[in-house]
């Protein structure tokens, strides 16, 4: 159920530092942690564990660690689980040792990142497990939390999923409205070829088999088979015959995903992975 | 079920503009919307409606509007529902008229904001409705999405809830670990009084009635009754006797919240409002 | 006369680094220190002392240290006095040893911060001393230098004063104009209660005893007794009878503050602490 | 007593907007003006006057206007006095008409800027008046408030003074420590000439007439005569004989400045103009 | 020779505004244009023309216009040529009418952008013309000026060229060092397929025909034929037989490009387009 | 031919870090280096050399080093040549040892900076060599790449040239249009003297000897002799007679510069140094 990447997963430090600094600033304002600063001596040190309160797949440890280190660079953050690894309810995810002030002040920021990303990884892993044995891979969409897309896409990978395009800039996805505005699929794709670089892939959304046939007449890389039932998906896969990547979307849930996968599509994209995961519940428990 | 504020709800423009600019930058990168720019003529105009695909309470229209206006300052954005208002599945939330390119390019950013904030407002409203007729108000926590706290707190208000402190900076909340680090509640509260300004409120978390009695011996403003069952909550409310605000937390769900409210507490805080709402499903439907 | 905080005073590193970087950028532009860079070899090292040229209370050493360290991370900055401590004219505040270029280039930035904050601490300490033995504490206002509020509020604490609210966001202060715009005190306070979180304190400004009586009929936390003479203040304190915090403002000077304090008010707020302190004069004297 | 510039004084809009946005953010945090937003209806409008509470010279109206306009772009801000102009106690500086919320929320930010800059302009004008009829001009130094240098230098001009260099980057000022580090004045100035552009001026600080004679043997543009008494200043001016600009500094006060000017120096620089002005007292008075 | 895009070329306003603001800040510092502000009355207006001093293809008019408008929002900027259009030496590119101060102060910033981008467009157009009639398109590389990549890629399109990938993030390009570090081409491409999204294209650099054959055994989208002579290129094109895109690079100049194109490659990439163009010479000529 | 500065040349770390972070962000986007991250193990290390592919003078090593260190703080970057030093084609400029991922990912950013700045230094050195033995120094202009001015001015110094003003803010340069707008040279210079600080130099552009004579009647520091032929330049130098700095501009090329220098002018300014240098070609060659 865990991720298949050949290397341990890590987030780019520059993205992590920027996001953590912004999150801490949001929580600390100009005054800082007025409870902790008034009550806890600057020199006091302590040890705590981040403990899972439910089963799941972990993602976001780099962000959690950075939150503590931003307040005490000498903190020791020891990972018991790695990003992409599973944890059982009650299990320790990581231990943190250092200045008590830093532990108390960064706690919520660290857990807010970890909880959301692990929630996404856990939900992704459930979908991946549901299609095990089929050819289908599970993909995210652009329905991500504003400001967190790179992290949420990473959490999908940690859960064993694959990433769709990152934004409007790195691949072409032609939808009905584009075709209508261009006056037809042919015109749309001609305009694209006049402008796109040779390293940009082109995917076209189709709702019917007729549209699919038309689209396959053009040099495209993938088709998005939107809101088709399984029978139609199977027809579509047969029609495509391996010439381009096939992606199914619409009406996907943990209950329906395996049947959709049985159609033979290459990819099933699930918006809920990033727009409606449940946070993975965890807490910071003090040891000393 | 809707919000009780005497005035229409609006987000501060400066926060909206900054967040929308960052979200658009995340989606557009350096290249921009390479599909739309290649296919749709710059001068083309269109009209579309944001339509709800489920019942709910709306929040975040300022952000949605700003996303479209950032790309076409002359766009017309007409609200059918206001923030804090209810919408039924299939109902129109707002209509947008202007440059087709702006409509297509800003669509996902606008819906990502609107979906998340409306999801929070809808979930909050469900909790508020569940305790209708009791004295309890529904409150959020600091378990918010990093970078979006001000917006998510606003969505809670739109759903009829009230806000807890915004961060570590604007109120004191003394927890067990603080008390332990200070060597006792008395010392913790003495240190606080030596430093806190006269306009800062102090809340103390207690797990038992003995702790509660001890806390009430100090000049505090509120108590957080953590993980108590309803019987203990009733005892606690009786003990407090209106001297300070009482807040219940822990084990709160839509199933349990009414019983918790029946204890007579002033406030019930629910982390899930902001950390695990389901996005409100909506889509941009083209009219012309 | 010095500050009463149980712990040594320190500014949050992230605020210090940002402010120092901006101040150095302002002084260095794109060209840098064209005098020092042309004249002093990169490898030269030196030692200097920051020496007070007048008696006072020190605040801002974190900023001074950060200014030097921004240009030479290995600089040694040894504090002879701590923030909140007193220095006599001619006394050494701190010594600095490291790259000569860094010492010369950062000198003015370090002293500009230290002089302003120590000026505020010194003035605050004079007010605090003037009311010694009374129940009154000395408080700042929002009349601070744009961009430096967190530092100036800190300097007030270093001088033994307490902080009023940090901004318009962390507490409610209802003034005449608010009441007029709402159509009366009752309406104003009702609107507030519909929206304010349970951890937000409410203070109301009153100019007369009648207004005071009316205000006390509402659930408020503090009253601002504006521009009252000492007799009226005494009446007001008697009327309040300890139910809410009493704050006097208007017409406060080092000559009048003790008499105002004798009225029994809890707090005297002084705008001049932050809007019109005299810089504490100091200089960087070379030793080698 | 007012400024001599042939054109009305204005600050660069881009600097004004950035500084005002930062100052408002500091005052509003994430929550905004929780008093005004809860009490005053969004649609309410009002009119107010900025009234001086003491005599003085005005500076900073662009900043005050921008603070109001940032919150209500349609506000009408009418200047009765211009920057560099005089106002008498009780006189109106400007009137502001627009959204009541914007007026109340921006009030403190507007007055904080206006008070500080007008305080500088007023103090500068007092020095300028004190030396009227002599050849000496009054100049500021780099002893400015971190973050506000461009504005404070502007306020000095509004008061009739002239600006010294803006930072370490736009002119060379060789001090004792530079000469010591270089191993002598000759070496210092040779190193400079190897690197300085042809549009960079060079000033040398001297403490004695011997140093002055030595300095005049090099191609320099100005001498800073530091801490010399009036007799020595006269000798120095005679020695220089118009070849370079002469600047006196040290021990300058409103009591001593005219005598110093009588020495015939071209320039007298006064650190206190920007490091220790008293705010010009003003208030926002409501008309309707 | 001009660009083939079906729509007029425009740069995204948000990128233009940010870049122009930074460029103006670099030129204006804290003091602003001290020459113009002192000499030219604020109200004076004028008219000027941007005139080409050599033949070329224009790019960057949005940036030039934005530079003037940043200083005078009401300026009239009338384009005689559009981006991608040709101009002859002595021809007018655009006229500008508005505040004299804005014209004089923004002149250099406007021309710096316009000169560089038009230089790139002109050089690109020369390469495009040189291969006219062949199947080869001219492409840029990542050898761009730090900070200006999006603009320089745009200028290449304005000159009739196409864009290679925008950065390391939007397409895969496997070079020798990657293959060596992975322990062989097979391993490198397996690792890629485990991680890449379905909308990411993969190009592999090859130096020999043997490498080419090996690469073609994997599911790739393009091959970069590096530093091959024309004979080898022809062999390579024949080997590829239209299965993937062929790109030639290395040793490309205006003298050699047509011969390279004759090999039948799809694409010729030229680093010099963006790293070593000559600025297109132009000047701002005053009319009134 | 190399630079004459008495000290090794270094760029201010704060400018370097900011520019390098921006350049890396431009190249990495949100996804990072998707080729290297997928193929190269995180722990792999390697060694490479930056090798020149043509003769030239080096500038920008601080930027190149910072690019690698931003991705691997422990990288070892050993300089074989220093900024301002010469390298021959095939010679090693520096060696880099550390994480393979950091080497591959930062390569292009490092070389883009190094190539451009070394190109400027090399071109400057060629002009400096061409006027060797004359009194003329070679100067840059404000025709720099937006965003890179401080670095490009530094590269000119590395090539043995001197810097003109850095922006519109640090010196006055009066051109024809200024004089026209002011209604004559006298008025322009009077207005300047009313406003300029005593450390600001004034240069006046003249096209004829009559203009030159008129300008010399005012207290100015330099004259810009624009587009004069050598005979006229000689007359101008004689007329000036050492009273102010003389600068020639217009029609300067490597072919003409020596003859222009023979006129006796102090300075020859060359826009092409920064607007149209050819990148110095170099590459990162792997050793292990």
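Of note:
Just so it is clear, A, B, C, D, E and F label the chains in written order, and each chain counts residues from 1 on its own.
The criterion applied here is as follows: a contact is a pair of C-beta atoms (placed from the backbone, for glycine too) under 8 Å apart; a residue touches a chain by one contact, two chains touch by 3 or more.
Computed from a predicted structure; not experimentally measured.
Any chain touching chain A that also touches chain C appears here: B, D, E, F. The set of chains touching chain E and also touching chain F is given as A, B, C, D.
Checking A-D, E-F or A-F against A-C, more than half of the residue-numbered contact pairs recur only at A-F. Measuring from the averaged C-alpha position of chain C to that of chain D gives a distance of 23 Å. Computed from the mean C-alpha positions, the centre of chain C lies at a distance of 45 Å from the centre of chain F.
Rounded to whole angstrom, the centroid-to-centroid distance between chain B and chain F, based on C-alpha atoms, equals 53 Å. The set of chain B residues that touch two or more partner chains comprises 26, 28-32, 37, 41, 149-150, 166-167, 169-171, 173, 191, 194-196, 200. Judged by the touch criterion defined above, the protein chains are all mutually in contact, each touching every other. Residues 26, 29-30 of chain A are the ones that touch chain D when the two sit in their complex.
Across the complex, chain B meets chain D through its residues 7-8, 10, 12, 14-15, 149-150, 153, 166-167, 170. The touching residues of chain C, when paired with chain F in their complex, are 21, 24-25, 28-32, 37, 41-42, 70. Of all residues in chain B, only 19, 22-23, 26-41, 44, 46, 100, 104-105, 108-109, 111-113, 115-116, 119, 142-150, 166-174, 177-182, 188, 191-192, 194-196, 200, 272, 275-279, 286 touch chain A in the complex they form.
The residues of chain D lying in touch with chain F in their complex are 4-6, 139, 157, 162-166, 169-171, 173, 191, 194-201, 203, 221-222, 245, 247, 266-267.
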